[in-house]
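One chain, subunit A, links the two complexes that follow: it is found with subunit B in the first and with subunit C in the second.
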Partner chain A sequence: MREKRNLGELFAGFTGLAFTLLLSFGLVIGLIFILSRAPGRTIYYFFVGAFTNKYYLGNMLNVAVPLIFTGLGISVAFKSSVFNLGGEGQIYAGGLAATAVCLALPAANGFLGGLTALAGAVVLSGGIAGLSGFFRMKWNTDEMISSFLLSSAVVLVVNYFITGPLDDPKNNLLATLAIGPQYGLMRIFPPSKLNVSAFFALAAALLVFLFMYRSHAGYEMRMCGLNREFSRYGGINVSKYLVLPMIMSGALHGLGGGLMVLGTYGATIEGYSFGMGWNGIAVALIAKNNPLGVIPAAFLFAYLDAGAKAAMLNSDVTFEIAAIAQSFIFYFVTAQALYGLARKRRRA
Partner chain B sequence: MTGNSPFSIPLIHNAVDIMTPFLLAGIGGLFTELAGMLNIALEGLILTGAFFSIVFAAATGNLLLGILLGILCAMALAWMFGAVTLYMRANVFITGLATNLFASGFTIVLAFQLFKTKGVIQFPGIPKLPALVVPPFLQRIPVVGDVLFGHNVIVYVTWAIVLLSALVIYRTPFGLRLRGTGLKAETIVSLGLNPRRYQMAGILISGLTCGLAGAMLTIELAAFVPEISSGRGWIALVAIYLGNKTPWGIFIASFVFGMAESFSNYAQGAIKVPVDFILALPYVITVVAMILYSIFRHFRARG
Partner chain C sequence: MPYLEMKGISKLYPNDLLANDAIDFSVEKNEIHAIVGENGAGKTTLMKILYGLEQPDAGSILLGGNPVTIRSPLDARRLGIGMVHQHFKLIPEFSVAENVVLGIEPRKNLLFVDRNAAAERISEVITSHGFSIDPRARVLNLTVGQMQQVEIVKMLYRKADLLILDEPTSVLTEQEIRKLFETLRSLQKNGKTCIIITHKLQEVMEISDRVTVMRKGKVVAVRQTAEVDKAELSRLMVGKSVLFQFERAKKACGDPVLELVDVSLKQRGRDRALLDGINLTVRSCEIVGVAGVSGNGLGELEDVVAGLRRITGGRILHNGEDIAGLSPATLRERGFAYVPADRLRRGSSLQSTVTENMIVTSHHRFLRAGFLKGGKIQQFAERLTKSFSIDGGPRAPVGTLSGGNIQKVILARELASASNLVIVSEPTWGLDVASSQFVYEKILEMRKAGAGILFISSNLDEILGIADTIAVMYRGRVVAFLPNVPDLSKERIGEYMLGLRDDFAPEGPQRKGPQP
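What follows is the complex of A and B.
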């Protein structure tokens, strides 16, 4: 009986989501008709463009990789009722840390050096986020605001390193010196930029899921997320779980940034990760903070991004149309009224 | 400008100008906050007001009309944000992000359609905002002259809005019910009133003030720059919390931000420190202020 109701709820959830997507896509199509002089062509490239060749398809999947990491980072924090709004700075700093380690070890073995670089990214970004958690634990400083402020400052400091001490004068882009070729992650879908970090992202989602739902610490974290006072009463060390989720969240962001540098860019380029932090929040909320749900949610975002790129290259609209499409999905994806509608329809 | 006066303190004078958008957005956001809703959308609302007020001002040739239409556009976006959140029962955090994303995408797409550029759009024909000019002897009074005189009209309108907001929030039935909605929505229901109506009012007020804040940004510059709001909505949100959710607190918090940014503008010319570090200064100062404040509260609660 109970199983059946759960299935029904799940079904309503899916139809609700489908309804949301249809509504958002409908609005995007309407917008394209207003903005584009060749609406048919634009619509074709926006929705199908990402699948027309291996290059677009691989790059689309590659865009999803950092989104999986930021989405996971946010879902770990939100599931524990700790709010990390500093994702933008944490992913950006992660890339810089990985680059700096690689530049400091120009002759190291690719595998071990790469691991060290990622460790650097994890430590730096985890530390930045952990600081906000620490202030919260120690003096009850609102971690949501402090993480955002710290991240805004961190973005500027990273910019300083990109244009200052680590600048590559030969590169036309504002970018750091390129890291050694031995650090480049293996490309798995040429000619696109998709690389083995995609497997790391999937593994990370699985590991975070196992940690949150199958481990003792994960259980305590979720309990603190549900009700901190009750958890304290139940003997859980609640102050520990103000800091730990923040550190994990920052570490996952840093890992995402570090892998972007190793796998895709080979250097830290100014603004390379901008928007990934905010989109990570959206990805996590669409996935209802479920680590496994983060994977399809990230792909949805990557799909919109790739569609807008294809439409921009092959038709007459600007790339920012992707931001509008994403905003439509944001607007409706958590709208309970739409899901209620789907539920009612089913009952009738 | 008071730069030519030997007694003026440009640091303070500029701080009063710089703080105005923070203050406007913060006061508007306060209404939403008191109604129990987190208003992440301030940033996008400022951007919308900034874009449309200058575009309409240029199109109509009338500054006041342009600003009013710009405010109206910001309020329309605020209404959309409120409608989806309240009537379709969506998560306020994610609809707020959506509003920011929509504003940033929409202004650029529209700018590209209208002006065929995604960069800076200059409006050289825009008239200047009228400023309060007083006799030099008044302007030269240290601090007072810098704070009180020589600013543009939006600065003074903002002060009137702060005063009016304090009256509305603490001295009217509307304000009482608005605060009641945030404290316990059930009490408003028990009075036979609809709490959502107060929340929507709070959101629309934030659209109004953010629209004006945006108008000040573009019209002072006589140009629209993509993402010109550049984090001001977020700083305003911080000011609401730092200001302990009171109009006067927000006033002081905004002034602190204004001083920090004014100082960093000054330091860029005077001190040999990388620009990025100086730009990071307002955030660092704020985070330190926040931590010190919470330490103070922590020990006061104990002792």
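What follows is the complex of A and C.
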């Protein structure tokens, strides 16, 4: 009985992940053989393409940056057993808030103005997510549902601002006016779009880790996440920790969105963060909600993304085929992470 | 030949609790058979085995003389065995009829539920057994007694011949109990066989033909109900042996630490109060043992004193000040220590380490600028694991420890800081002799240090062994408050516990009659 359980845990652990990756890579290769007329070339670009030049490599790393933020945001919430499914709206709104602040301060100093813009992103997205936490505390509304619904509405509101009040009339893109050049973050790996926000992401992961595992509030939050009854019994203010993790989760999403605008796009483009919120959940699942584990998990996702793009540009596969191959791996890895989670649930 | 025979049934739970120990149990066709016993005697386990919810480690079951294997409730139902659980398994939003046919709905055109056919067939069952429920009523609008009827109808609709009722009267009012007994008699007339689990002797005498008494996982007696009286049953249930006896408090007890004044707890939608005018005093240097059978308010008493549930009437005083409504954190600051009965969910966080469990009540003392002082915490945890000799060390997840060690972690944490009031509930439940002994010693140490101790337990032996004063609870009331003198017998306490005696009965024998 006990033997079996240990083996199960092993499967759900690192070896399991490696096995799952190999299996899904194998299937993707099989798929490419069926669908591509130049399978060798496609496979090469799919798996190695991201490393063939500085441009691909840098862009791959740049895609990982927002994923680290959304992954961290989800980890913080899940670790506390509150469920934030509103990541899509929160990261999107973060970008808009940063853009709006920059546009409102056209002549500000780049550093201070940039900080203000990011603060705006943090406050707006943290507030949106915190609202769901507050509803949960006040009326026991399911935060999973309310954050999702709220996020769906927020996406539409952001779209309104992009195409309405903040629209750039001189541009055919569905995008806001461009922010001042002084706000642009320093590119660190030209010609790619990789910029200093990558360092922010790494620092954020470290800070979140220290907060969760070393700080007073982090301890209380984790205890509430593992066993709310025990926490209440021990004298922890459990209702506070229905709201705080949601605020933090939203703030991290907002920060991710804000940095994407400052570092990569220079404006809020419609749908610029599409999918980032959902992928953040998958990233957190693979990382088992460990803030440091989020970094490699985000890179794995960025790698798959870059591979699909490279294969598309350099071989005969269409966007759809690349997406299918990518989602193959995506589903396998997520299923495996969920399986581990379900086992843990059942025993708890 | 008996209708049902269970032979040599044994069941060992993973926490080394031998719930059933080579039990022989038999029921005759068409009888009402009562199983009585204290908490943890193994009654429910035995019935769960019969209903396929648990698998026995040894033993066999014969139904109508044929050996049967019951792997799931589905098997049981196929064999005509039905069980009405203590907590009803109904869907409140569904109608009575929908609940009854759930899973075996009559179909119309192979696809749609035939509501009319369902209601008709159920009406037959309802009228033929004299129930008083409308098949079209929604379950959420029913009284508790009616919900129980729905459960019984559910069984009858599934053509059950043997009905198991697990403590069916515990949630009912007097009137509803009468109605239930009428139903049981009518079922008997219709050729059904009933097994009823209870620990209320009055009901055993009233309704059953035969009674099996269980104690500590064994059958200790099987009697024709007509040939026993309540006193004998009570003796058989609680047993005789007092295994241990600790010293009583030497010092005279000091000032009251905890006073409960007319404390009551009512739940919306329930007629009967969970706590009904409790008066209780715990003084410093005194262990007040609260005895009672589960379901009589022990758990609720624990919750309200610990500040985890709000009382609906009366006052709770700590050192003379009203503490009702204060948060658990504030109570701890005032010097409360609390070892809960539910040690796996409330008392510990199984996935966290021993260290993390130990600091939950005191982590605010290890702070520097919002961060925890890792070194200090480690020292603290190491000191406690050593002095309480906890196996596994400070870094082990608590869930990997044995039951005894988990309880030690909780005790270590609760007794680490000086406290003036210690609440302990079922502190030795499921523990072996050595671990229990350790728990008692620690509690006696706390008394010596001057704390008042509220010792809630359904284990009568340990109450008699350790308490200075004994309170007995029955149906949410304190029915006895006695000094634990040597000639206070276990039998006498047992009679209080089972409702045969009441020192504080208000005028009239039927104290809590049904509302007119």
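Throughout what follows, the second predicted complex is superposed on the first by the 306 of 348 C-alpha atoms of A that agree within 3 Å, B and C clash if a C-alpha of one lies under 4 Å from a C-alpha of the other, contacts with A are read in each partner's own complex, and residues count from 1 in each chain.
We adopt the following convention: a contact is a pair of C-beta atoms (placed from the backbone, for glycine too) under 8 Å apart; a residue touches a chain by one contact, two chains touch by 3 or more.
Not measured: the values here are computed from a predicted model.
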Check: What is the contact status of A:A323 with respect to subunit B (first) and subunit C (second): first, second, both, or neither?
Finding: first
Margin query: Going by the contact rule set out at the top, does A:Y44 touch subunit B (first), subunit C (second), both, or neither?
Written below: neither
Margin query: Quick check for you: in the superposed arrangement, does A:F299 touch first (subunit B), second (subunit C), both or neither?
Written below: neither
Note to self: In this superposition, which partner touches a larger number of subunit A residues, subunit B or subunit C?
What the structure shows: B
Notebook entry, point to check: Which partner does A:F135 contact after superposing on A: first (subunit B), second (subunit C), both, neither?
Noted result: first
Next item on the list: Could you tell me if A:M223 is touching subunit B, subunit C, both of them or neither one (first, second, both, neither)?
Entry: second
Next item on the list: Considering only the touch criterion stated at the top, classify A:L285 as touching first (subunit B), second (subunit C), both, or neither.
Entry: first
Notebook entry, point to check: Between subunit B (first) and subunit C (second), which does A:L35 come into contact with in this model arrangement: first, second, both, or neither?
Noted result: first
Next item on the list: Check the residue A:G234 against both partner chains and state whether it touches subunit B (first), subunit C (second), both, or neither.
Entry: second
Notebook entry, point to check: Which subunit A residues contact subunit B in one complex and subunit C in the other?
Noted result: none
Item checked: Residue numbers on subunit A that touch subunit B, as the complex places them -> 35, 135, 138-142, 145-146, 148-150, 152-153, 156-157, 159-160, 163-164, 278, 281-282, 285, 317-318, 320-324, 326-328, 330-338
Note to self: Quick check on the complex: what are the subunit B residues that touch subunit A?
What the structure shows: 80, 84, 87-91, 93-95, 97-99, 101-102, 104-106, 108-109, 112-113, 118, 231, 234, 237-238, 241, 274, 276-277, 279-280, 283-284, 286-287, 290-291, 294-295, 297-298
Note to self: So in the complex, the part of subunit C that touches subunit A is made up of which residues?
What the structure shows: 306, 308, 327-329, 331-332, 338, 340, 342, 345-352, 356, 359-361, 363-364, 367, 370-372, 374
Note to self: So in the complex, the part of subunit A that touches subunit C is made up of which residues?
What the structure shows: 210, 214-217, 219-220, 222-223, 226-227, 229-237, 344, 348
